[in-house]
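Both complexes below contain subunit A, partnered by subunit B and then by subunit C.
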Partner chain A sequence: MQKSKKVLLLGHFGVGKTSLIRRFVSDSFSDAYKVTIGVHITKKVVDLPSGTNLSMILWDLEGTDELHLIRNAYLMGTHGVIFVFDVTRPATFQNIQRDLDIIKEKVKKAPVLIVGNKMDLVDPADVKRLLDENDIDSDYLTSAKTGDEVNEAFLEMASQLDA
Partner chain B sequence: MLEKYKTQFIGNSIQFVVLDEKGLVRESDNTCFLLKTGDSLKEFHPFFESLEAIVPEANNEITFNCIHLESEGKELITDLVLRREDNALLLVIYDLTQHYNEYQSVAQARNESIIQEQLIALKNIELEERERFKDQFIRNFSHEIRNPLTSIMSLTQVLSQTDLNAEQEQMVQYLNQSNAQLRLLLEDILSISMISSGKLQLVEKEFNLIKLLNLLTFTYTAKAKEAGLEFVAEIDEKLPQIVASDRLRIYQVLTNILDNAIKYTETGQIEFSVQLNQKRANKANIRFEISDTGRGIPEAQLESIFTSFTQVYDKDKEQGSGLGLSIVKGLLRLMDSEIQLTSELDQGTRFFFDLNLKYPLPSSQRTDKKDEVLDTVVRKTLKKDKYKLLLVEDDVMIQTVVFKFLSGTDRFFIEIVSDGAKVMEEVVNTQYDLIIMDINIPNISGDQIARLIRDFPFKGIKDIPIIGVTGTLYDEDIAAYKAAGMNAIIPKPFAQEELLKAVFRYLK
Partner chain C sequence: MMNERERLEVLKDILFTDDRHYVDKITERIVQLEQILHDRNKLSGKVDPIVSAQIEEFTKNIPSTLGPVITATLKDEIKHHKDDVVDALYPILGKMIKKYIAQEMKMLSEKIDDQFSFVKSAKRKMQSVFGNVKEEDLLLSELSMAKIEQVFLIEHDSGILKAGFSKTETIDEEMISGMLTAIKSFVEDAFNKRSQSLELIEYELYQIHIQSFVTHYVAVVISGNYLTRSKNKVQDLIFNFYNKYMAMNLDLVMDLGMGNGEDDEPVTRLEIEKEIAKYFGNAKI
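Moving on to the complex of A and B:
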């Protein structure tokens, strides 16, 4: 079966949204930071074990810590959300509960995955402790740089959208 | 005419596309992108694939800002407007690439600087935490090591009193030296950690500079003599007598440099010179200078001799070069000054620094007045003609100094005990009016003795006034000594005046 789903990547700026998509779509990475403005849209088709041929339309949004200001037009028709934070910068996950509430409010039924990125820069044990302390339940801890857990995160989203 | 201008202005930047319900191109003016009739927009760009989900949710017209569209090597940043017409869809593409690129560079600069700030703030927190941890560690460590060190020292002492052959005696002597070195090292490490953690605060008080310099001259003439060196002091007569500063720290700086000079000089002399650079308003700028005829410092090491214990164990560096100079550097920095030096191999080294010291106006009469005050205190409070004092002190130098300080008044019989273990016996056998006690004495520490005395069941012993003498820098320690039962604590080094004042205050 053929399906097409719109997936939003949200999160503060510089957390690695663009890099994660680049790793997932073209299996590449750049250390240079080019700030995304507005939205970049790319597509990747994945074949799921269910037999579904899922076309993921990935909306790479300009990073912001003021999620309530995101334009409505960007949010319409969203099927799934990947919320990305940067494990090296507490500022990007300190208010995660508030951020998630805003997201849930805006895209009511869509599944939301929480991804902590840049794991290659830190000691996993430190991150786990930090996240525990802040009561953060992340779904995936990734590195766009090494590719660790990147496919897993996107494919999990794909299979949730297939269901 | 108008059309022509309009085309010139917006011609290249707005494209109109008419689509059928399936999203296939019916008509397009192809201003920005080439779209042929029958083309599927979904194939053209994935943005349009998501429209399937968006359009049902949208009103009749919907605008998307700042959408990146790329096709066949062309990349534009656009605003897109979609409008529902009767059984058709109108798409307007505004090419705003230039406008958005400007916005991009603003956002780039803003984001980069915010991220940078966040990372720096984080680094600082981490550094502070590490620093705190290090300080705590050093404090605990030096505290813990004190007990075993004390037993090593007292056992060495006990050992030295047993029957030893010449070789053994020599070894015990080395042991004693090493113990003393270890204790010094421990204190140095503590000082450095306090300076570097900013815990050390200067205490500015008026004091007699000339007396301090004389005390140093007195002490170091003896020390130099012991080391077979000559000591030459040149103290400027124009120096203000009373200055306001942290006497203890100035003393610490000078003794560190002087000790260092004696240590590294085999023959010749140590010169100690203090000269007035200038007086202005109520500030005197004073040059302190200490030069030796020692081996000198190789140029390559000039910088590193001031670095602290993280680097001090450099294997090229002389063993036991100590931490004194990094303490000097840290303390002088606290006093807004800087240690400087010139050195020539095998000729000697000259350390110098300038201090800006406040002095009170008018200057000269004040000390006399103080002395008068002291005299009246002495006269008023004394009931007996002569008092019996016990001095518990193992350092011969300090014994001499205290003796000198007190004997001038001609009011005291002074007994000296240098071993902590013998104090109680002495106190029980002789009725003393006051005890002056060093905290760091062999076998039993001064504060422990104070506690024993205070716990003693008899009046006349349990209430003997005790004045503690200590080199410690810590308020906590001083509080602990007082809690142990000491009436007052005098920090080393002390001036005659301070000692006498304390003694007379507690004599009954």
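Moving on to the complex of A and C:
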């Protein structure tokens, strides 16, 4: 069975949304940082164990510190959201609850995955302590640079969308 | 011994026996009517048919009874409060009328251009001389007919491609649909005009004609000289196709309603694409 689903990647500036997509879609990485302006759309087809052939249409939205300012038009019809934060920059996750509330208010019913990126730059033990201190329950801790946990995060979203 | 008053009563009893019977009946009837009046259901059972009949009659007679009054009021309003009337009607009719007039004017202008083809020819010669371009090339570019290259049926909100048709290989159609939706949403959102919609994107030799419906929109990529008469034809094609698409979905709904469960398969992408190819594949615009 063939399905198409719209997945949004949201988060603050420079947390690695585009890099995560590039790693997942083309298994590549670039250190050169290019700001995403507006939105960039890519696609990856995933074959799921259920037999579903899922087209993930990945909407890479430009980063913003104020999620409530994201254009509603981009959020409409979203099937799933991956919220990305940078484990090296507390500013990108300190207000995560407020950010998630905004997302859940704007994109009702869609599953939301919380992903902490740039794990290659920190000691996992430090990250765990930091996240515990801030009471953050992330779903995946990834590295777009090494590819660690990237596929797992996207495939988890795909499975949730197939359910 | 009976006194006079008692005797009178006996006499009345004898003389008015029949009347007493009527009085009792009337009293009983009044009690019944009081019950009906105080019981909402009973009352509506009696009154509703009368009111309905009156309303029906009233509705039927509106053109003859209220019609002249409304017409007179409208005439009066238009005469004395022109601006208010225009303000009230413009949001609804303005866009439609404006588009219609613009389209008709453009067609008229194209017709006039055709009539003055000798002027065109002279103009072409001048362009050729002063623009250093071969006259044949100019002629060819004028003659390049509009051609449908691609058609997309896209879900309005998500930008998910429902079905597509393409004469040539391009980049992934689903990505195009997503980007088109993003551009469309951006333009409509940025100008705070969700009630209006992006209708044409021009890109060098290509035009993307967009027709929005409630749940979906149709985007048709056209190459060549896209004149107003071609635009009208494309619009007709889109409306005819979308009508068919709606009917296909309606059949599905009807099937579901009947609910034998065996034929309740959703309309497949392949079926929709066949229809798109049928409508747009060989269409001359």
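The working rule: the second predicted complex is superposed on the first by the 163 of 163 C-alpha atoms of A that agree within 3 Å, B and C clash if a C-alpha of one lies under 4 Å from a C-alpha of the other, contacts with A are read in each partner's own complex, and residues count from 1 in each chain.
FYI, contacts are C-beta pairs under 8 Å (C-beta built on N, C-alpha and C of every residue); 3 or more make two chains touch, one makes a residue touch a chain.
Every value quoted in this text rests on a predicted model; they were computed, and no experiment measured them.
In the model built by aligning both structures on subunit A, subunit B clashes with subunit C.
In the superposition on chain A, contact is made by A:G14 with subunit B only, not with subunit C.
Applying the stated contact rule after C-alpha superposition, one finds that A:V35 touches subunit B and leaves subunit C untouched. Once the two complexes are overlaid on the shared chain, A:A73 sits against subunit B and subunit C alike. Look at A:Q2: by the touch rule set out above, it reaches subunit C but stays clear of subunit B. Residue contacts after overlaying the shared chain place A:L121 against neither subunit B nor subunit C.
When the shared chain is aligned, subunit B comes close enough to touch A:R89, but subunit C does not.
Taking subunit A as the reference, the larger set of touched residues comes from B, when subunit B and subunit C are compared. Annotation: subunit A residues 4-6, 38-39, 41-43, 55, 57, 59, 71, 73-74, 76-79 touch subunit B in one complex and subunit C in the other.
Note for the complex: subunit A touches subunit C at residues 2, 4-6, 38-39, 41-43, 55, 57, 59, 71-74, 76-79. Subunit A contributes residues 4-6, 13-14, 33-35, 37-43, 55, 57, 59, 62-63, 71, 73-74, 76-79, 88-91 to its touches with subunit B in the complex.
Within the complex, the subunit C residues that touch subunit A are 155-161, 172, 174-175, 178-179, 182, 185-186, 188-190, 269. The residues of subunit B lying in touch with subunit A in their complex are 45-47, 49-58, 62-68, 77, 100, 103-104, 107-108, 111-112, 114-115, 118-119, 122.
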